[in-house]
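After this come two complexes, each holding subunit A, first together with subunit B and then together with subunit C.
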Partner chain A sequence: MATMRNARPSGLGSKLPVLVKALAGAVAGATMALSAAVHAAPSTAEVNTTNLAVTDDKVTVGILHSVTGTMAISETGSVQAEKLAIEQINAMGGVLGRQIEYIQEDGASDWPTFAEKSRKLLVNDKVAAVFGCWTSASRKAVLPVFEQYNGMLYYPTFYEGLEQSPNVIYTGQEATQQILAGIDWVVKTKGAKSFYLLGSDYIWPRTSNKIARKHIEKLGLKVVGEDYYPLGHTQFNSIINKFKLKKPDVIFASVVGGSNVAFYKQLKAAGIDMTKEKPLVLTISVTEDEILGIGGENIEGAYASMKYFQSLTNDNNKAFVKAFKERWGDDIVIGDVTQAAYLGPWLWKAAVEKAGSFDIDKVREASPGIELTSAPEGYVKIHPNHHLWSKTRIGNAKTDGQYEIVYETPELIEPDPFPEGYQ
Partner chain B sequence: MFADYSTSELMSIFAMQGFAGLILFSVFVLMALGLAIIFGQMGVINMAHGEFMILGAYITYLTSNIFADHMPQLFGSYFFIAMALAFVAAGALGMLVEWALIRHLYHRPLDTLLATWGLSLILQQLYRTIFGAREVGVTLPDWLMGSIQLTDVIEVPINGIFVMSLAIGISVTVAALMYRSRWGIQVRSVVQNRPMAGAVGINTAKVDRLTFGLGCGIAGVAGSAFTMIGSTGPTSGQLYIVDTFLVVVFGGAQSLLGTIASAFTISQAQSSMEFFLSGSMSKVLTLLFVVFILMLRPQGLFSLKVRR
Partner chain C sequence: MSYTGLRSLLPKNDLLSFGVLALLLVVILPLSLDIFRLNLIGKYLTYAFVALGLVLCWGYGGILSLGQGVFFGLGGYAMAMFLKLEASSPENTAIQSTPGIPDFMDWNQLTELPWFWEPFHSLGFTIIAIVLVPSVFAYIIGVAMFKRRVGGVYFAIITQAVAAILTILIIGQQGYTGGVNGITDLRTLNGWDIRTDGAKYFFYFLCVFLLFVCLLIAQFVRKSKLGRLLVAMREMEDRVRFSGYDVSNFKIFVFCLGSAFAAIGGAMFTLQVGFMSPTFVGIVPSIEMVIFCAVGGRLSIIGAVYGTLVVNWAKTSFSESFPELWLFAMGALFIAVVMAFPNGLAGLYKKYGEPLLLRVIDKVKAGRGGLGGDLNSKGVVHERQ
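Our next item is the complex of A and B:
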């Protein structure tokens, strides 16, 4: 119990000095790097032929997330990760000798606002790239704007797939990468034979469960039930009774938002001890961020299938977690999407440097094949379909709110946003 | 769907499902009572009801932290103190809001809707600034977790029993206050005829303030209890507001008995349908059912007959 308490954010007061220190460090690093880089920087006319917000020593990018409204819970981590990446890049000398400046806009958890703000970023501010969006609904809302004005969006969330825009780089996993490996693992190591699919009622859980069902049936196993509850639903006693009646080996859960907290608390209260794995709970929607609200003691024993967990032990991740905590406070936790958001600025930097230009078309051309060996999740590479090659890991939730990693796919999984036969 | 199960298994499942319906009923009653008092007795549509509930939840969160840090040996009993504090805090905020905002709008009921909606936005942002945008986890005392095993299959969640007892306790208290106390008589007379009540010497302004405070206080207690079954975040109150209004309007705005009857009908309908259909579909059918009944009886299930 004591460790749980320490893991919680404890208010604003303690974060201020950290913030000031980190800023001062970033500025000092930046000036040093700047003086060294001035001679090397190519001329602005050369790297910017499309009138983007690039000057001789600066390039402006946009950050577009909800910091107010329902989605602020989830999107705050992404904003923090993107700012950290930008500060680190600046401290290393920036991109093509230019320091990155960002303009942050608030999507306010409202999809038309996202579209309006993205238009502002692209048309008025002429930003060279935008890091942002979280829900599929917000991404769908800004997509026409990015395609009309030819912007570049780095989108961090794991999502349902079925999309591939020339103006978006998807740094999270698409559904097949996340789901197939998870189901294969639970079948192979736990001998699971029957599944109950449960989700919140919108596009991502429905598509994910469609993919899951197809795969489960292809393996010759059984789906004993499939259920959806409205977003924000808070009463799960009926579905828990259905679990008790149907006795599935695995509950495959993609419940999101505040519903998550209600679901796991009520599951525990109903006497289902997830550590006994009867039934085993496999989720694709609960990152370390969500566990803060659920409480580690309420979700202990559940498994999650994702590409990143804060507890990864590689050196990249150790450095990332350390930097993140120094920048944003010791109490913070880092979930899958936060790490994917952190990749955005780095992938963009690598593409710009490969292209030798900030022009969107050239960056797009340079993007496929871009590798990042310094990614906290290990190694990632951009596929020609604008998604990332990545590994999938299985984590087992512990009371302290962290996942213990019990499995990792041996190879990088190829992104497949339009899986055949799964649609 | 039931062919593969033995009779005893089915009986147990139905028993548990019945219990799930009762828990939902208690949750609805707790949510709706505070709103019913304010809406029914004062005609004020309090859109910030959910935010008063979340205030109660945050008070519980703070109390649990204080107890864990300073009095770990008393941690098991912090929940009762948290509920009392939640009542006081939400009630006090309610009275402040009534004094500063609501009392100027008594003759413009639709404007109270806008004003309290604005208030709910302000409160949400306030919570976000103070507690952060992320949800907070409220650690519960151990005795509130888990379930009581009655038979092999039947397990009754302890927090469900707790919520039920709380709902019964608060309903009885409110009924006693309303129909057995001096204040209750005053409230009811103000509702029936405000100028006349004033003429016979009832301080209507004070009655209004206390009524609003009581309604908000009950919302705070409900929010405190809901930390056991739901999330605590700046916008969590929004999760409850639609169901709350549904219960109050369906029951007939001015009747406490109506609120309870309506909570019972809706919760039983929803929970039994949830068992046979998918969650979303049962919600749709419940709403259709309510719309249909309200078309036949626009005043709700129970209504007060008053000569106007």
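Our next item is the complex of A and C:
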């Protein structure tokens, strides 16, 4: 590491705006007032040896999500969260005395476009970090670009694992962090014995169900069925009949996107009352964002296994929800991925300050061990494998579209993108 | 080809537009753009192959195919399969439960390479397959349709259905095809890193070269008896049939030719962009490619190239400047083009650009002839129709 001058207990460097006033001085450098920060900040030649878009008072980052196309509805929350975090960081004096500017690009729900735009951000704009991508397909499309041009991507979505790139920090949970604790909980507290696995047909549900099946079978329990439907599928009557025939204790669902609306409505219409928990529905794909489309009354009683729910009552989250609503409107909801996206700029800031440099290699080196005590989900820490330590929580869906949290793991769960015995 | 043969293939006005395009693609753009933008132009040019095929099929033959993405995709996937096998050497994939097979197969619990992937270990086979597989596929569709005299709207609908079917097949069989993600993370071609700037320049010029080969083939078809028959068929199919021609064979030929062009474009796309995904096979991209052709002018093979470049350039720059509004701007562009210039850019050029250019050239030549002797007076045959 080139300089430890700016290193400090990294949690401190990333407090949320509630504490802005108290901590502003500490963040901008122990003695600096905000106005003086620019002049006293370390020189650009020192913090930027690789020709990134860093000047004496500015640093440019990229935001790369779909704001048009089918994924726009899911990704908009992430864009809002990232912008909010950047604005809050700027209000606190920025990073190494530099205000963050962002260049936003639209991936247009189209994977090749993601690749094109990421290349533009890295090669032309020379951004110091990119916050972006949502679907696994878009991440897979940009990954070779980030590795070739040595960029740094903060990827917010819970995903299937099986990946560990030196050029990505995964701020969402990998599959085992979301699934194992959820299944353990439903077995222990609800006495579940049989499971039906259902998902949209692509890599994330398939991998998730593979892990779920292995875990269920390890526990000596039974998987009575496993089915996949194409993305965007809206006819779930046949699978609902199979549920009625096989009578599983738990329906383990990883249906994504618009298909969710059809699935839960048809489930309800077929007379399956989820509040009776026979069968119990456990989903790993429905956040508060999706419930907006599904309608709270259609999914009431289902359980979700996530790391974050808007209804978390810790102080960090209260401040986050308040700031988010002030910035983006009162009727907005915040889902798991939105919160993970919010972590991106803060984790990057902490790593840059620990490294004392914007250089990608130094930020990468500084990243493992970065903690965020101010995270809305509580506390997170970057593992050497570039994923986050985080808790798993179980929420029970209510008619108002929020989850009531019924369980959380006592300890942080270690990220394990290549789980032994689950492949 | 003899001088007169060349002249009849490329009369003066066509020679001029070929020359201007060559100047633009070979000299002006590479000199004025950085490698990132040039690589983007290279990517756009791969769609121009498709648009070129559409000019022949639709503009000349009157066969509107809304499924050209299928052939673009087949060519692209063939290339991607070769590159993916090379990227999945046992050393690179040591972390998998079955090293040596592509990563997505491993995720989908396949333990050995499917039989139809095996031949793609060979580059020679791959290059042949890129052209042959889509052509044969087009031939089968063509025979099934045209021999039964299915045409017009019905043909367009069926090609759409084929595009939809192939997309569903690719997405559904993700263990064999990579599914929605496509085939990603392609690295080398016979050990040569395709991600370097040098490789990007090489592929750009290769792409331009192949595009000109295809343009010359298209020009040859256009100027030959076949081209005139195609136009005749488009205008009055029965009359051509009564004159003793087997109409369906011509249609099948031009459809196969169009799909072979599209497949070459697809393969070049994979090489320049570094991956292939089912987003290029479906209905939406297929229709987009028809739009490129329409904007360029569906009767002009050169126009197809410009149309593709203009639309894609607009797409990129609108979306860079207005990430949330760019789709509206694109919509407005299409409506404006269709309303104001039904013959596309080529129509505009024919009406205003070409007469002006020819006049300028004549003037220059006349001036030079007067000053320094008769350089090429025989060449200046005034053949304006």
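Everything below uses one rule, namely that the second predicted complex is superposed on the first by the 387 of 423 C-alpha atoms of A that agree within 3 Å, B and C clash if a C-alpha of one lies under 4 Å from a C-alpha of the other, contacts with A are read in each partner's own complex, and residues count from 1 in each chain.
One rule holds in what follows: a contact is a pair of C-beta atoms (placed from the backbone, for glycine too) under 8 Å apart; a residue touches a chain by one contact, two chains touch by 3 or more.
Keep in mind that this is a model prediction, so the values were computed, not measured.
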Answer with clash or fit: subunit B and subunit C placed together on subunit A by superposition.
-> fit
First (subunit B), second (subunit C), both or neither: which does A:68 touch?
-> both
Check whether A:326 is in contact with subunit B, with subunit C, with both or with neither, and answer first, second, both or neither.
-> neither
Is A:104 contacted by the first partner subunit B, the second partner subunit C, both or neither?
-> second
Once the structures are superposed on A, label A:416 by its partner contacts, choosing first (subunit B), second (subunit C), both or neither.
-> neither
Touch check for A:230: first (subunit B), second (subunit C), both, or neither?
-> both
More residues of subunit A are touched by which partner: subunit B or subunit C?
-> B
Is A:201 touching the first partner subunit B, the second partner subunit C, both, or neither of them?
-> both
In whole Å, how close do subunit B and subunit C get at the C-alpha level once superposed?
-> 5
Do subunit B and subunit C land on any of the same subunit A residues, and which?
-> 67-68, 201, 230
Any idea which subunit A residues touch subunit B in the complex?
-> 1-2, 4-5, 8-9, 11-12, 67-70, 72-73, 76, 201, 226-230, 232-235, 237-242, 244-245, 257-262, 265-266, 268-271, 289-297
How about subunit A: which of its residues touch subunit C in the complex?
-> 67-68, 104-106, 108, 110-113, 115-117, 119-120, 123-124, 135-137, 140-141, 143-145, 148, 160, 162, 201-203, 206-207, 210, 230-231, 418, 423
Sites on subunit C touched by subunit A in the complex | 34-36, 39-40, 43, 95, 97, 103-104, 107-109, 168, 171-172, 174, 179-182, 184-187, 195, 273-275, 277, 279-280, 316, 319-320, 323-324, 326-327
Which part of subunit B faces subunit A closely enough to touch in the complex?
-> 5, 9, 13, 16-17, 19-20, 23-24, 27, 65, 68-69, 125, 128, 130-139, 145-147, 149, 153, 155, 157-160, 226, 228-236, 238-240, 271, 274-275, 278-280, 283
